[in-house]
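The two complexes that follow have subunit A in common; it is paired with subunit B in the first and with subunit C in the second.
Right after this comes the complex of A and B.
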């Protein structure tokens, strides 16, 4: 049985997409006004996580590079942007060990700082990509994980640049809903148009078979590097947004260390490796679940029994959940499919047709 | 006129054409050594434009290594490879594909999670993304395959890209139609039956618009019916797509039925060369395949 390629015309799809974006904007506007500040923070976190997930999905899910260095790029973006948005006098206050003179007077607005964070992360990816992308599989994973750790430990020790283990405090909370979701829209549009072009097909071909891709005239190394750099750029962007959401940056393992990489990995595997819409769904589910599980860390009443809260138990719960997904639901929510208007239409239509038959 | 007679005449015509035509690929005393093992030993032969050349030999004779050296996967220990008047010895596989050599694999290597259409489209991507290979073409006085630049940004912004995408799609659909896979165009490659997967692999190689097509055991694992189809398919491909075909095959029926000239290898060396009839009666070939007779030892 051959499948039909298209059901909806391009025009219909464009109109539906614009309507969807408008609807989301209205929803966000309403949330911006009506939500309490805690819910708003979670909503913004969802957007930031979504950028991280979509960018890691380009590297891991589409191109098949098993990179565990995402937190490194996020950290670079976060520090770059935070150093730029802090004013010289604020910096003078927080740097207790002295400050590099060339950093002291650097200052930029939030947009420029975020962009700079993205470009710094992309530059790091370009430099690290040359040696690391010669490896494959487990070796690449370990090398990229090592890179992220090197960046973190460097940040811990470069006192006059990053303020060392004290980190940067009192970063202005610039990441409002509009910045976060504006950048998310840009990220999704950029990566989706890349993935659904000839370049995206080449990246998927590399994932399927490196040797065959090379034999079909694809410069595998160049394309992998491109995917790595683009993914890192958006990781840097998300890092800046994250820093201005958290209002601090520090080089601890739990904030921007390997833990963050694994959180993002959970999101994309949960959503479906290789699916952009899956990454968005995965990020939303993860952020909400992770916040909701905070209740377990407080003492709570369970059918009359008072359970003492265990700090950090939510990480255990989410890890167990992740293992369950890996065992029972390997393809995640979306698999490699996308939630497009066409697919939505097809699923609804096909289901109705089946219903008619029976 | 009987069909056999027509085939005979055609073969003679091709043969005489081959004599006047220049070679498309020259292997100039190529040796490939892996440590102490000489996989290919002083391979010195050429592929004539438009011919259907077979390469046979017992297991481990070095046939696939010849293909891997030609396509740039291995760098030969000694010798040069000249394709279309360009010395391609130092080039990388993707550059060599861009210059016009496409191949299939002994064990099928399709992009299984992509559809048939996408598999074919991927093979056209090199036109956009290989400026270095285009420079090689220009250095050798040939026209490049792509004269416009910044295809990455065009693809992302969709400015000056949609027409190219449409043209590529058109071409891919045409090709799929020609090879007779249009009924599975939107199926994933992994969902195809074995024979069609082989066919798709050849179609994908053709989508790179090669001058020379290398087929590594195209009939491996096929049943007699599929083999029969494949033989006519290979002949049709040569004529319709105007390519030179160089194939490795174990199935003697295919080699003898399809090839106009055959090279026989054993232990890395060429031991015989000639038309199918000549090869069938060559004592050295029989010896390589069946061993020496008891009295002769």
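Right after this comes the complex of A and C.
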């Protein structure tokens, strides 16, 4: 590092941040009016994916708990919120196997339902965290994947609560741009403040070395549990938004099963494990790429030759790309750096000397 | 049906299912023992093996035995290739990177199967065309009043035979000795003039061959072939490996059998729980990891600072 570092004053940074948020809001307002409905759907999906990615990044990238249970939390949030926003008469119609009486009359507005989804997911994380966080490394990965599968299998079987394999249909499409990006803003602000607090420094210490952190007097389990619960809370929020974007929830492997965890994992690995802004970029790239690759599944024109659509090729391309990223470009787009005003300033104006990069 | 007959029926079913789990689990445990890597793609290699057998039999109308041999060889080659392409470049990277790559590889193989073979379920029994070979599928033997399909015995015997060969390879042959040496200390083994990468490649090939063998028997018993068929058996076999003590081959056998018995017997004695069949093994996993993380036959690992 050079001796004199150019830095922006706190005041400038705050003003820049507010201006940035205002600019983004204007951009979204313009998109809300000007985009066609398909592009709007993709735009909202980017926001939802971003919440999933930022929350998983807190658990996996910043605390270093390699959890594969994210889809489980998303599923809990999705079901909780969907059950709450469906009116009693709608529920009476879709539950073909009968319904628990206490669920039937539950009803809440979208905001409360989303919050409830987040809290249910957080509660699940708190309960599962006690056994799962006693483990480390690969064991933890498998146990958390197992937890997500148990939740999914439960949703498939608890007919009177989740409507079993049929799932919930005709959920109102409440997730508009303002809800999605409002929640995203809250997620990023909350998690960024957490990461830059003393808690966040403790979490990073645990990531680097559990034993060293413990010997410095950090209560490893408590901190890991906190990170796990916070991450799960936002996963639950994203689940609710996702359900009200998809307008259906069901317990199939491809909707909210291991596949979804894998997608979110791709986003954070692509963006750089441990970087919040990286997760945002990763989510945006993934969503756009994934939608763009949809064209390959329809018949398309390849240098004058009409190729019939190839179903499933999206995931093939995505996973091949993912393996290539892991082998050749492990740090991802951002590595562990953040895209802050200071870094931007440094990269743009202060010329970096050779060899400064450690 | 009286109690004893019911028990006998389930006993043989459990023995077969447990044997199949054990065969897949061995592949996990050997790779983990050497590289400390959970080869997430292992269940999908099994799936590819089944497809190899299916298409060899259907396209070239070869007899089932030839198809099985081709499939086992093909899966072995595939396992070797996956190690070379995806895992070898990450040998010195953090362990979690290799794990993430393995997850990616699993999804790659699944979507590859969707694209190339199609997502529609295919009946595996198509590969049995002649009358004589259909006998294997349909004949039922009476044992102490219980009706046990011939296939069940065949699977149990084949599994036993394969394990006998495996134990000979791992505990009596030179390459087996090299494998065991590598699982203890890679740098020292390399200093002894052993081609470490070659032996690791061999381990992947051997594990994948066993997975394919198990997959073919699996598909004869649960006769549908589809791209995601490897996921659940793969997960359960991994759990079996952990329960038995990961890194230990006898442990994989014990864990596989245990899991098979628990699954079959809970479902048959508590039929209302059958929807939760797939959840049992995960609950067992979490319990065993909490109370005896090293598994039944595993060695206790000491964490060094």
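As a working rule, the second predicted complex is superposed on the first by the 345 of 358 C-alpha atoms of A that agree within 3 Å, B and C clash if a C-alpha of one lies under 4 Å from a C-alpha of the other, contacts with A are read in each partner's own complex, and residues count from 1 in each chain.
By definition in this document, a contact is a pair of C-beta atoms (placed from the backbone, for glycine too) under 8 Å apart; a residue touches a chain by one contact, two chains touch by 3 or more.
Just so it is clear, the model here is predicted, and its values are computed rather than measured.
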Subunit C versus subunit B on the shared subunit A, clash or fit after superposition: fit
Which superposed partner A:223 touches (first subunit B, second subunit C, both, neither): first
First (subunit B), second (subunit C), both or neither touched by A:198: first
Subunit B versus subunit C as contact partner of A:37, first or second or both or neither: neither
Partner chain in contact with A:89 - subunit B first, subunit C second, else both or neither: neither
For subunit A as apex, the angle formed with subunit B and subunit C - C-alpha centres, to the nearest 10 degrees: 80
More subunit A residues in contact - subunit B or subunit C: C
Partner chain(s) touched by A:214 [first = subunit B, second = subunit C, both, neither]: first
Which of subunit B and subunit C A:269 touches, first, second, both or neither: second
Where subunit B and subunit C come nearest after superposition, their Cα distance in Å: 7
Subunit B and subunit C contact sites that coincide on subunit A, given as residue numbers: 211
Residue numbers on subunit A that touch subunit C, as the complex places them: 66, 68, 131-132, 134-135, 137-139, 141-143, 145-147, 149-150, 153-154, 156-157, 211, 253, 258-259, 262, 265-266, 269, 310-316, 319-320, 322-323, 326-327, 330
Subunit A partner contacts - residues on subunit B that touch it in the complex: 71, 92-94, 97-98, 102-103, 105, 109-114, 118, 121-126, 128-130, 132-133, 151-152, 155-158, 161, 164-165, 168, 183-187, 204-205, 208
Parts of subunit C lying in touch with subunit A, wherever the complex brings them together: 36, 38, 86, 89-90, 93, 95-97, 99-101, 103-105, 107-108, 110-112, 114-115, 119, 228, 231, 235, 238-239, 242, 275-276, 278-279, 282-283, 285-286, 289-290, 293, 303, 305
For the subunit A and subunit B complex, residues of the former touching the latter: 2-5, 190, 193-194, 197-199, 201-202, 204-205, 207-209, 211-220, 222-223, 226, 336
